[in-house]
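A, B and C label the chains in the order they appear, each numbered from 1.
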Amino acid sequence: MPRVTLFVTCIVDQLFPKVGLAMADVLERLGYQIDFPEAQTCCGQPAFNSGFWDEARGVARHFLDVFEGDSPIVVPSGSCTSMCGHHFSDLFQNDPAQLARVKALEARVYEFSRFLTDVAHAGDLGAHFPHTVTYHDSCHALRELGVKAGPRKLLSHVRGLTLKEMDVAEECCGFGGTFSVKFPDVSGGMAQTKIDSILRTGASHIVSVDSSASCNSRASSPARDSRSKPSTSPKSSPAANPP
Amino acid sequence: MNPIPVEAIQTALGDKRLQTAIYSSTGRLMDKRAHAIDPAEIDDFQGLRAQANAIKKHAIDNLDYYLEQLEQNVIARGGKVVWCRDANEAITFVATLAKEKGVKRIVKSKSMTTEEIDLNEHIEHTGIDVVETDLGEYILQLAHEKPYHIVAPALHLTRYEVADIFTDNLHVAREEEPEKQTQIARRVLREKFLTAELGITGANFLIADSGAIVLVENEGNARLSSSAPRIQIAIAGLEKVIPRAQDLATFLKVLGRSATGQPLTVYTSFLSGPRRQGEIDGPEEFYLVLIDNGRTRLLADEHKRQSLYCIRCGACLNHCPVYRKIGGHNYPWVYSGPIGAIISPQFHGVTKDPWLPFASSLCGACAEVCPVKIDIPKVLLELRSDITTAKRAEGAGKWERLAFRVFSYVMQRPKLYEMGAAMASAVFPGSHGKWLSSLPTFMSLPTTKNWLSKRDLPPPAERSFRSLWRERQRAKGAN
Amino acid sequence: MAAREEILAHIRASLGRANSTGAPAGLPAPLIRIPDVPLEKRIEKFTAALEKLNGNVHRAQSREDARAYVERTLNGRSAVTSNAPFLNDCGIPTIPNVRPGGVDREALRELCATLDAGITSADYALSDTGSLVMLSSHEEARLVSLLPPLHIALLPLERMLTGLDELYTLLPVPSDRSSSMVFITGPSRTADIEQILVRGVHGPGEIHVVLV
């Protein structure tokens, strides 16, 4: 049986564990055996993005040790995939000794929807979700990973699901990690533009490959009553409703 | 260290008219670009970007060679090259030459480099009439304002404000129609073009194998500024040099489309030296002023050197969700938007406006559209690292550094991570899965306060993934 | 000369080099792709591109036709011509109210500043962008196509190139030929005030290209 290794990310681990479980269900259904190295923690992105590269390197070294191996590493987050799949190279750009090891790791890291479409060649998983949804292109996934058509293709196989695209789908929602707390006014303004766009679709759910981005959308909804309920990962909800 | 200009930003965000003006103008430019780069309009635009990046990289990596070649060729065509280490030297050169030649009036075409060195202010002090001839810049000059956008300087003004500016300064009858306002400017500026002794332009490109400058425009004022007066000065940052005239087949295609969606702007001028023997008109004297002003310092960092590839198209501004909210005047320097965010700290030192490289969600829209493929988010990240290092040296930012040291320490020790997470979960106000709109005071930090000012907080899950996973594996094992 | 040496020294230090070296290796070859497009198609593309920008294109059947078009377009207005022999060949100087520009810089300037139209030839046209290519010379001054509010250009059909790639192949170093080469792509314009398009800011607001 082919193996995959899960990197669930600290956000999913602590805030949205169901997403991790749903991902595991889908992968097992596709015939993969799952390894979950318990010593995993975080990819270090918050430190990296804030300019604390020494601190981020420490976390990255731990990551390299924990994920030593050769099976694909699957990640339910575009931004975390971008960190351990691309930016680890930046952290070690002046360290040729480590760089080879880093590059070998980066080559094995896959954002979950990308793994489904490009490696597992998954199509119809027998999922069922009779709602109108809109897809939120989170920035790292869209621009750094080129994840755009994949999730939409997966959604097209979900029975009963109607996809309504929002206008300005590619505009940033304003989360950007610490950006949202350092520049709350600007970030809030960006979130508002995004929310308006989402509400115009009339969708009842927002789907994304990044929990943090949907976190921003849900958290910023007017009246904060989540008339729109975000569900992260293209497969989380359908997996909860087996055929 | 300047703080975040919070009030100015809030004012900009609260000004609905301004927000609409910025959003719709930049939105229109975005749409035009998208149309102009469509495969039906142009073949292999991405290939052109890659070529533009490769040429710029080569030129910058061999800047000394190409500048020397450029100089040789300018001189061979009868022009002169003036090397200026900083703004002062450039201004002194212009002022001295103007005095020597008895210049009373200068016409100028739009040049961000001359804004950078504050040329107008300094020359005007010597009693010379300096006239901006680009319509947007002319309006701003009358209003004593700085440009709002690299390519569309008067983006933020309404026709009514323009009417005010004209009636106050030109003593003409009030006119509110843009068409008529333009005619007023045309009339006034025509007289200036024809009486000025000196014309000053910038340069979009400097061509090493030709000793030429390239001027890209829509109005005709750059052509007039460089052709009507007897003396021409072109002022350009030394990073503008590209190796061959043939390379313009690539650069012109990516510049116009990225900036305004135009395959070519109305006028593209390729000028080398003063008029030749036999030519009927054109300047008698031609000077190329090459400005350093900190650029050679930027060259030193190999990861950030790409900042010098910029061809000043403004596409990054148009696509930046932050620029589109805060506008051009909230950046500390004449260069705004993402490009401004990466070059300002490199020119002025990272500790002057340490907030600037952090005023980005790193969405990457800028890098996606940059015609010369500058990896702006990468440079922002590098600058963030430089800033934390500088802050440490100055003893600033202690709390943030402590927080991340704790973060790093904990994240390298799984057991500590699990323990910490469990504690946070226990201490967090019970919410039964509901998102929180406030926190008890003892948990209130600037970070959480800022988040909660605009959003709700997600609560920690009752049980973490790893705890659920262990249970799931145990259950499977038992079967 | 101190500034020059200092700047070059700074550059070399920043790039990690001690001295200047010869021509650097690794300059990417120019990306030049000249499509194979028949003349008729080029003319069609040129016309479409320029008309989209509010320019006017007339395909003259003969030189007499070209002259007639110019006379019609001028409609009694005054014009200054450049000294291009091609204009003579088309009989342009014989149109009423058309004055020759001559070679005196000041006199020519005066004419350009006061007359209604400037009539020139052009060295080439670029079909994919609807552009004219004009090099200044003893025949063509810079200001004739720039100062008057109306610009009319006449050129032989065969001068119609596909685009920039072909031009830079024919003229890899334009400054060998002239101090000034200009691409003119439509009438002068601006959108500086409220992004509203206005034509004829400083350059001509009306342009006619006659292909002969």
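The criterion applied here is as follows: contacts are C-beta pairs under 8 Å (C-beta built on N, C-alpha and C of every residue); 3 or more make two chains touch, one makes a residue touch a chain.
Keep in mind that what you see is a predicted model, and the values were worked out from it rather than measured.
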Those chains which touch chain B and also touch chain A: none
Most heavily contacting chain pair (counted by C-beta pairs in contact): B-C
Farthest chain relative to chain C (centres taken as mean CA coordinates): A
What whole-number Å value describes the gap between the mean CA coordinates of chain B and chain C? 30
Interchain centroid distance [CA atoms averaged], chain A/chain C, Å: 53
Set of chain C residues in contact with two or more other chains: none
Please give the residue numbers of chain A that touch chain B in the complex, ascending. 8, 10, 12-18, 20-21, 24, 36, 38-42, 44, 46-56, 58-59, 61-62, 87, 90, 93, 139-140, 142-144, 170-172, 174-191, 193, 215-216, 218-220, 224, 226
Any idea which chain C residues touch chain B in the complex? 3-4, 6-8, 10-15, 17, 20-21, 23-24, 26-28, 30-33, 49, 83, 101, 103-105, 108-109, 113, 128-129, 131, 136-138, 140-143, 146-147, 164-165, 167-169, 171-175, 178-196, 198, 200-204
List the residues on chain B that touch chain C in their complex, please. 21, 24-25, 28, 43, 47-48, 51, 54-55, 58, 61-65, 67-68, 73, 77, 83-85, 89, 133-136, 139, 152-155, 157-159, 162, 178-179, 181-182, 185-186, 189-190, 193-194, 207, 209-212, 218-221, 223-224, 227-228, 238, 243-250, 252-253, 262-276, 278-282, 290, 292, 296-297, 299-300
In the complex, chain B residues that touch chain A: 4, 6, 9-10, 13, 303, 321-322, 325-326, 355, 358-365, 367-368, 378, 381, 383-389, 400-401, 404-405, 407-412, 414, 417, 421, 425, 435, 437, 446-448, 450-451, 453-461, 463-466, 468-469, 472
